[in-house]
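What follows is a group of structures, each given as structure tokens.
The following pair of complexes shares a single chain, subunit A, combined with subunit B in the former and subunit C in the latter.
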Partner chain A sequence: MSEKVSVKVCLGTTCFVMGSSNLQELIDTVPKKYGDKVEVSGVPCLGLCSIDWEFSKAPYVKVNDEVIKEATVEKVLKAIDEKLK
Partner chain B sequence: MFIDIDCSQMKKYNQNAYGDYFISKRYPDEAKLIAVLSDGLGSGIKANILSCMTATMLLKFIEGDQIPISKAAEIIMNSLPVCQVRKISYSTFSAIEVDDDGNAKIVEEGNPEFIWIRGNEVMKPEFRSIPSKTFKNRCLKVYRINFKLGDRVIFCSDGVTQSGLGGGRLKLGLRREGLITIVQDKLQEHPDISSTELAQYIVNQARNIETDRLPKDDISACVLYFREPRQALLFTGPPYHQEKDAEYAKMFDNFKGKKAIAGGTTANLISRELNRPITMDTTISIGKLPACSYMEGVDLVTEGILTLTKTLEYLDANTPDIDNAAGKLVKFLLDSDCITFMVGAKLNQAHYDPALPIEIEIRKNIIKKIANVLQDKYFKKVNIQYM
Partner chain C sequence: MAMNTSTPKQTSHLKREILVRVIKAYLSDNFEENTRLIPFAMRPKNSDVPNYRCCIFKERAILRDRTIAGLGFSIEETDDSILLSDLAQKAEKRDTPEEHPLTVLTTACKGCVPSRIYVTDLCQGCVARPCVNTCKFGAISIQNGKSVIDPEKCKNCGMCVQVCPYQAIQKIIVPCESACPVGAIAKDENGHARIDFDKCISCGKCASACPFGAVHEKSQIIDVLKNIKHGKKVIAMVAPAMFGQLPCKPQQLKEAIMKLGFSDVYEVAQGADVTTQTEAHEFVERLEKGEEFMTTSCCAGYNELVDKHIPEMKPFRSDTKTPMYYTAEIVKKENPDAITVFFSPCVAKKREALNNPNVDYVLNYEEIGAWMIALGIQVAECGESKFKTEASAEGRNYCVTGGVAKAVETLLPEEIPAHVVLVDGLTKQSVRDLKKYAKNGMCELGNLIEVMACTGGCLGGNSTVNAMKPALKQVSAYVSESKSIKEQVEETAK
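Coming up: the complex of A and B.
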């Protein structure tokens, strides 16, 4: 696969307090594991919490176009693995 | 004109309270400012009480506008009690009332004469003397001056002019001439130095010439600087009417001065409307705040509520120079004179989910609190627009 997998960690207020502050470790760990096949970055806000608020699924992470709700490091890594298959 | 004012103080050594008292207040409606510096007799708590009472009472008298400043000062001069031990007055004072056009009235009793600098030359203003009817050794000086852009005024307590007194090199202390030399040299070097920095510099220099660098008296320096205001704009929160996004983005873009955005949604809005990409800082956020982002034409982009809450905390506690997003926002605000807040009134429902682990304040309230502390504590001019 030639396309890079893009991982966007939402660092907006809701996601940040709901745990995306811990997801920032991905910025360090992912390049170590996958090299330059995956690109991880923070984004100011994905704008998802204001749409999805009734179900409160923050923090959100986007792996390519797939939205991961209640994201954890494990969930994100699993999603990356699937994209790289 | 903007009047940049600040005061720096140092206690007499071995004392735990300041014997000089400085108070300043801006009156945005009347476009004027009043500042008072008082030096209480003696030092420590006693002097603190005396100077605090004199300064606050004089400020109240002047702001009342019922009587002219010279009359207010005269009444205070005539009624200040005499110390039983030293037979001199309880406290001395200097006060200035000045509007944004530079029209100033200044009164002085007992404090060292103020220094007025224009084009790095010391000016000699005319004054009227009002001798006290009740006390022979008291005399009020009243000045009427029209200050111009670039002028500087320095008030100080005798702790500055008498620093180094009796020491090795300066037998008579620093005196007025010494202080003028220090200030002129500094201004030669840094013509645009802020009042905060100049006041701190004067106080530190005065301390440095004291024997063993221990102040023998309370040291205070108050500096006024008449200059063009430094404008800043902070845009936070998405506007209530989404259809007006483009209009607000244009307002933001057209603003002349420094610009900051606090809020992810707000940053996205500006990015979308002005077609400018956002890049996020790749470093991992320090502590409990999300990192800053970058956008062309914007000086600072941060997260919203959490950063603003922390910013208020730093402003309240007076802790600048902290290396995180809120620290940067504090610096942004303090490096400006006139600050406009564009506050979007739209609420993000997700912030009110009780499952959220910390208290998230309502944006309007936190901005109001930040505005108050900037106005009252840092003497900034603040303007809030809700959208």
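Coming up: the complex of A and C.
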């Protein structure tokens, strides 16, 4: 696959408090691991937490169009690997 | 490694979710009923049971217990038959928070086996049998070709662990016991962890270490919400570490806090500047009197350690008060009618506040974060506003390990230099070191000992939200745009 995989780590207040604070390391580690095949950035609120009680599923990360709920470093890396297959 | 990076993330997530739900319930039109429903809302009928639990009923019972801590009560002392709705009512009527800020959720605790030495399947039943020969207590015998430990005789000395050539013998650790620097938490005869509050220094290391999330802080969030709801003038006092906790500029934080309903926000770094000046004077005086060394006195966990476990350190501990003390004094002087709330990175400040009539409540960063979630506040979209009194760079850097000593050093005269020693986090070993310095009346490593209960300083506090590295980056940026304390002192002298 030639197109870059896009990774958006939500840094809205809800995601940040519920754990994306611990995902900020991805912004450093992902480029080291995948080079320019993956583009990773911290982004303002994706708006996914505001629906009903969905805050409890935060933090959210978007890998291309796929939304990862209760994201962890491991889940995000796995999703990137899937996309690069 | 920093304490908060090792915090089991799943348990933090759960604790924060409970807090958000408690706050949402309070702000709803039926606090009591919506509190009662929290365990059911989190695990509705037919929902999946987390794989670490036997059934949905136990899971809900444990969520109920976590909610009790969120309401600010002791889980151990609350009878199982009392409804959460009744506890919610009790929380709303309470005037003062409970004395000790930590509580253990015994039903969640049971998953972890008592600390002991254990022979694994890797035992080869070798001819040499160094384990049998090394054991001074005759606790090891060979049964069916493998080593077996007699728990009655074993004293947990760990010699067999060291000598086994196959590394087949292991010590099973109880994370809370292992993390506690003063031996204040241990499993009782029923296998439940109990905190001995006569020994506990409220450092919160057990809460961070427990992978079951069984140690909770009793929250004072309802008390604060109640005062705001009743239209009281409630003022936030924000400790320096807070500026590294949320994804926004320091100037936006003030407005975000005002949106929660606070009337004003003070930087505790302002009080830190008073601490720095007082402590620098004190250090010079002490050295001129011929004293060998002085320790800092701003960390609440360390202060409780000295009071309860190292009384011989008292003469060497600075008499200067903490930044929280001076800040609260300033706030109450300027606003005698105000209710003051300290925003803390750790649980130990809740204990310190109990003994300070100028500090009414303490909230930690997890609780503040949960409150912002409950109100849907986007900190990054808040406007910017300045503090009435701007603190110095050194004061704002108090939350970083080494920051307090560095601040004091800045104000020392050239002829009395400090040789700084950093105790970066209390452990069983660093407690032994401190006892040694106190006993000998000297420290061969230096004359100004900065003690931080948490590794990394307040940024490594047990109730912080942000990871250490990004938090440090944010705080450092704030520090670098601030005036130095020397400049400030000179300006006031003019």
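By definition in this document, the second predicted complex is superposed on the first by the 82 of 85 C-alpha atoms of A that agree within 3 Å, B and C clash if a C-alpha of one lies under 4 Å from a C-alpha of the other, contacts with A are read in each partner's own complex, and residues count from 1 in each chain.
Note that a contact is a pair of C-beta atoms (placed from the backbone, for glycine too) under 8 Å apart; a residue touches a chain by one contact, two chains touch by 3 or more.
Not measured: the values here are computed from a predicted model.
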Inset, instruction - Give one of first, second, both or neither to describe whether A:C45 is in contact with subunit B, with subunit C, with both, or with none. - result: both
Inset, instruction - In the overlay, answer first, second, both or neither for which of subunit B and subunit C A:T72 touches. - result: second
Inset, instruction - Classify the contacts of A:T29 with the two partner chains as first (subunit B alone), second (subunit C alone), both, or neither. - result: neither
Inset, instruction - Could you look at A:N64 and tell me whether it touches subunit B, subunit C, both or neither (first, second, both, neither)? - result: neither
Inset, instruction - Would you sort A:V17 into first (subunit B), second (subunit C), both or neither based on which partner it touches? - result: both
Inset, instruction - Could you give the residue numbers on subunit A that contact subunit B in one complex and subunit C in the other? - result: 11-14, 16-18, 21, 24-25, 42, 44-45, 49-50, 53, 56
Inset, instruction - State the interface residues of subunit A toward subunit B in the complex, per the touch definition above. - result: 10-14, 16-18, 21, 24-25, 27-28, 41-45, 47, 49-50, 52-54, 56, 58
Inset, instruction - Mind listing the subunit A positions that touch subunit C in their complex? - result: 11-14, 16-19, 21-22, 24-25, 42, 44-45, 49-50, 53, 55-56, 70, 72
Inset, instruction - Going by the contact rule at the top, pick out the subunit B residues touching subunit A in the complex. - result: 263-265, 267-268, 278, 280-282, 284-285, 288, 290-291, 293, 301, 303-306, 348-351, 353, 355-358, 360
Legend entry - Touching residues (chain side subunit C, partner subunit A) in the complex: 5, 9, 12-13, 16-17, 20, 41-42, 246-247, 366, 369-370, 372-373, 376-381, 465-467, 469-470
